[in-house]
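Going by the order they are written in, the chains are A, B, C and D; count residues from 1 in each one.
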Amino acid sequence: MKKILNNPVDYVDEMLAGMTAAHPEYYRLHGETGRVVARATPGKPGKVGIVTGGGSGHLPVFTGYVGTGLLDACAIGDVFASPSAEQMADAIRAADTGAGVLRLYGNYGGDIMNFDMAGELVEFDDIRCTTVILADDIASAPPAEASKRRGVAGMVYAFKIAGAAAEAGRDLDAVTMVAQKAADACRSIGAALSSCTVPQAGKPTFDIAEDEMEMGMGIHGEPGVWRDKLRTADAIAGEMMDRLFADHPLKAGDRVSVMVNSLGATPPEELYIVYRIVKARIEGAGAHIVMPLVGRYATSMEMAGISITLCTLDAELEGFLTAPCDCAFWRV
Amino acid sequence: MKKILNNPVDYVDEMLAGMTAAHPEYYRLHGETGRVVARATPGKPGKVGIVTGGGSGHLPVFTGYVGTGLLDACAIGDVFASPSAEQMADAIRAADTGAGVLRLYGNYGGDIMNFDMAGELVEFDDIRCTTVILADDIASAPPAEASKRRGVAGMVYAFKIAGAAAEAGRDLDAVTMVAQKAADACRSIGAALSSCTVPQAGKPTFDIAEDEMEMGMGIHGEPGVWRDKLRTADAIAGEMMDRLFADHPLKAGDRVSVMVNSLGATPPEELYIVYRIVKARIEGAGAHIVMPLVGRYATSMEMAGISITLCTLDAELEGFLTAPCDCAFWRV
Amino acid sequence: MAIDRAAFLAAIDRLAAAMERDFDALNAADGALGDGDLGVTMTRGMRLVQEGAAKLPEDLGQLLLACAQAFTKSSGSSYGTLMATGLMAIAKDLKGRATFDAVEVSRLVGLARDAMMARGKAELGGKTVLDSLDAVAKATNGLADLAMVADAAAEAAQSAQASMRPLPATIGRARIFAEKSKGMDDPGMLAMTAIVAALADRQG
Amino acid sequence: MAIDRAAFLAAIDRLAAAMERDFDALNAADGALGDGDLGVTMTRGMRLVQEGAAKLPEDLGQLLLACAQAFTKSSGSSYGTLMATGLMAIAKDLKGRATFDAVEVSRLVGLARDAMMARGKAELGGKTVLDSLDAVAKATNGLADLAMVADAAAEAAQSAQASMRPLPATIGRARIFAEKSKGMDDPGMLAMTAIVAALADRQG
C-alpha cells in the first residue's frame, strides 16, 4: 500500500489534527466526537448555516470547503464511511446561528439515513433544517432514475453557490431553493485509471490492469459503464462530453461552468490536455464557459483518473458562483 | 502507463495549450517557440523581471508560478528536460521592462548552460541579467559540496520572496540579493514511494517494490540515501526532520516557514498526518512557524511521496513571503 | 412470565457475546457486497450498550432509548442507524413501563420494522433486514408463550434469510453488485438471524 | 587543399547520415546513464542544419554560426548546447574567411574545447566530450595533410573513448551513476567519436 500513514485506525483523526493545526485561521474541531470541523470564525448571527457530511478520503471534499462563502460545518466519517447521526447533529448545531441550517450532501444511503436522524435529534434544539441532495453522477443511473444517481464533484458547485447565497443574507428557504437549483444544474461523469486503497482495508478497492481504464466508475470504486484498454486523452474527453451532452444538451448561448477534476494522482498537466477538448466541445455547442475549474476539487485519495462536471448557469447561479469565497483549498 | 495523454511528443504543447486556455487571465504564450509562458498582463515598466525555466512535469513548478508577486515569464522544456537557450532568451525578453532580469532556477547542468547562453544572446538586446540558483536538496550532496545540490521545492519560496521584492519596486541588485538570501535559507528533503512515467519514455523512471520507499530520492528519480521497507508516517517525517535539522539546526526563537509538499499522487490527507510531526518538531526546537504550506507545490506528475522544506526567515524575508501574490495555483 | 430489566440485561450479555463471536463472519459477508464493516458496527454498538448496562433504568422506554443512542454514537453505518431507529420506535411505545409480555413481541417488532422502513426508504421484499423483521413479526403474531415466541422468531429469521438468498440485492451498497449477490446472504439479514437467535437462546 | 563551403556541405551530409544511423545507439547509451535523448538531440540538430544547407553563406564564420543556432534552436539538452558553444567559438575565429587549411584543425578544435569547458564548467579528464576534443586537438597538432589530419582525429577520438571507459562519470546526469558508469562509454564521447569519424570519412 503506497500510503504514508500510521495505524490505519487513526488515519482520519490524525488527518484532522494536522489539518486544523496547519490552518487554524480556517478550521476548528467542534464537539466531543472530534469528527466535526467548523469555521474558525462562525458566520455572523442571522446567516443561514450550511452543513455537509460524508466519508473521508475526498479532500478538499468535504471538510476542506468549510470557509467563508462556503460551508459552516462538516461531519466527517472514516474513509468512505458515513459519519454518525450524532456527529451530524453536532455539525448542525455548530452551523446554526438561529436562521436554520441547510443539509447539503451527496446521495448515499447511509448519509441520508444519518442526516435524517440528525435532523430529528436537533429538533429538540429547535433548529430548523432543510435538505438538498446532490445526485450528479450520470453514469450511476439512467435519466429515468436520476434520483438514484450518486453525488460527486457537482457538490463543489452546490457548496459554492449555496454558500454565497447564505453569505448574501438569503433566508433558509431561499438558500435551499438556490442550492437545489445548483444541484439540478450539475452533471458529472468520471473515468478511473487506477484504484485507491482504503487504509483500514489495506489493499486496493479494485483491481485494474496496467493498460486498462473504466469509464463511469464511482469515486469509491463503484462499477462504471465499461472497462477496456486505456484510450487517448482526446478520446476519453470526447466520450465523456458526448455522455454529458446526451444527458443534458447545451443550447447555443448557454452559460456554463465546467470542472475538469483530478481524482487524485492524475496531474494538472493531464487535466489541461483534457481541457482543450472540453473547451472546444462546449464552445462548439455555442455555449459560453464561465470560470472553468481545472484541478483537484473532489478526489479519492491516490486514485488516478478524472471527472468532468458541467454546471449550467442562470444569472443568479452565475452571480453566486463568481462571488468571493475563502478556504484553505479554494479562494475566489 | 496510467496517464491521460495523446501522442507523448505533444504532451507539453497540449498541456500549455490547455493551461493558457483555462487561465487566460493569468497566462499567455510568448514568442515563436511556443514554450515561453508570460504574465497575461506584464509587470509595470521599471519593475525588475524574474524568469525561471526547466523541464515540464512539475506543476505548479515552473510555469504555474508566473503571476503577480511571483514570476514574469518562464521557459519550459519537455518533461524533465531543459528548455533551449533560445527559449530562455525569449523568456528573458518577455520579462524585461527595462529594469533588468533575474534568472531564478534550479541547480541542473543543462539549465545552467542554457541560461548562461541565453544571457549572452540577450546581451545584444542590452538586457542586464543576474542569476540565483536554488540548491536546496540536502540529500543530493553533503554540506561540504552544498553547491552541487539539486534545486527542488525551495524554489517556490525563492519565487515568492523575490517576486514580492520585485513587485515592491526593489532594483535588480536588491531583488537578486533577496532572492539569494531566500535560496540560502531553504533546505529540502524528499521521500518517494512510487515512480512517475516520462511520457516519451513510456515506462516508469525507476522500479520500486510495492512495500518499499526511498529516502532522499530526487524529483526526477535521482537515487536517494536509502531504500527500504515503507515506514510509518511518523517515522518518515521524523527522519526527514532529523536530517533537515542536522544540516541546518533551528535555534530557539527562529521564525521559519515549512512546506509539506506532495510529489503528486500522495493526497492532502497524508500530508496533514505528516504535518503533525513536522509542527511538533519545529516547535519542539523552540522555533515559530510562519505561513505553513501543506499541499502540492512542486511535483513529479503522478509520483507518490512527499518533500519537506524549511525556510528560515528574517524580518525582510517574512515580509516578502507574506506579501500578496496571485497565480492560478496559489494566492496569498 | 413478563420481560423486565433483568431479562434485558441478560439478553444484552448474550447478544454482545454473539456479536463478538460473529465479528469476522459479519465483516466478511459485508465485505463481499459492501464495505465490510458490519461486524465492526455491531460489536462497537453492543460494547457501548454493555458498558452502560449497570446504569440502565427500570423504565424499558428509557432503557431502550439508551441502547439506541449507543448505536447512533458508535456508528455511522446503515445498520447501526437502522438498529437505533428500530430500538427508538420500541422505546417510544414502552415509555413508562417496567415490563412487557411475550404476546407483545410481534407488535413491537412490527413497530421497529415500520420505523426502519421509513428511515431507509426501502420496501419489503428487497432482501434486507426489513424482511427478517417482517418474518419475525408475522411468525410471532398471536403467540403468548415466551418459549414459543422465541423459537418462532429464531426460526422465522433463519428461513427468511434462506428464502431471500437466491434474490439480487436491491438496497444499499450491495445494490451495485446485484448480479453477484444472487445466492449470497444479505449481510444485514445474516446479522439479524444471529441477533434473534442470541435473544431467543434460553441456555444463554 | 583547403576546406571551403563545398567541403562543409559534403561533411554536413555525411554527419547528418551518421547521426540518423546512430540514433538508437546514442539514445540507448544516454538512456543507460541519463535521459536517453542524445540521439534525438543530434538528429534534430543535424536535420535543421541540413534544411538550411542550401542557404549557407560562403563566409565560414557565418556558416558555422548558422549551424550553431540550429542546435540552440532544436535542443535544450547539454550536448546540443555544448555543440552550439563549440561551433560558435570556431565561427568567431573564422569570421570573414571562405577557407581554412588542415593545419588549422588542431587550433580550431582547441578553441571549441576551451569554449565548451567554460560553458560547462567542467575540467579535462572528467570522462566527457571535452576529453574527445582534447585528444583530437593534440593528435592533429602540427599535421598539415588533410588525410593525415582526418585519420589522426578519428583515431584519437576512438582511443580517448576507450581509455576513459573504465573511469566513473563525474559530470552531468551520469554523475549520479558514477559506479554503474565504470566500464561504460560516456555517451557524449561515443557521439563525438561518431561525429569525427563521419567528418574524417573520405569514401562517405
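We adopt the following convention: a contact is a pair of C-beta atoms (placed from the backbone, for glycine too) under 8 Å apart; a residue touches a chain by one contact, two chains touch by 3 or more.
These numbers were taken from a predicted model, which means no experiment stands behind them.
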| item | value |
| --- | --- |
| Chain A-chain C separation of Cα centroids, rounded to whole Å | 33 |
| Between chain B and chain A, distance of the C-alpha-averaged centres to the nearest whole Å | 30 |
| Whole-Å gap between the CA centroids of chain B and chain C | 57 |
| Residue list for chain D, restricted to those that touch at least two other chains | none |
| Sites on chain A at which at least two other chains make contact | none |
| Pairwise touch network: line, ring, star, complete, or other | line |
| Chain-chain contacts as defined at top | A-B, A-C, B-D |
| Chain B-touching residues of chain D, taken from the complex the two chains share | 35-37, 69, 72-78, 80-82, 84-85, 119-121, 171-173, 176-177 |
| Sites on chain A touched by chain B in the complex | 1-6, 11, 14-19, 21-23, 56-57, 59-60, 64, 193-194, 210, 230, 232-234, 236, 260, 264-276, 279, 292, 294, 296, 299, 301-302, 304, 306, 329, 331 |
| Residues on chain B engaged by chain D in the complex (per definition of touch) | 77-78, 80-87, 109-110, 112-114, 116-117, 121, 198, 201, 218, 222-223 |
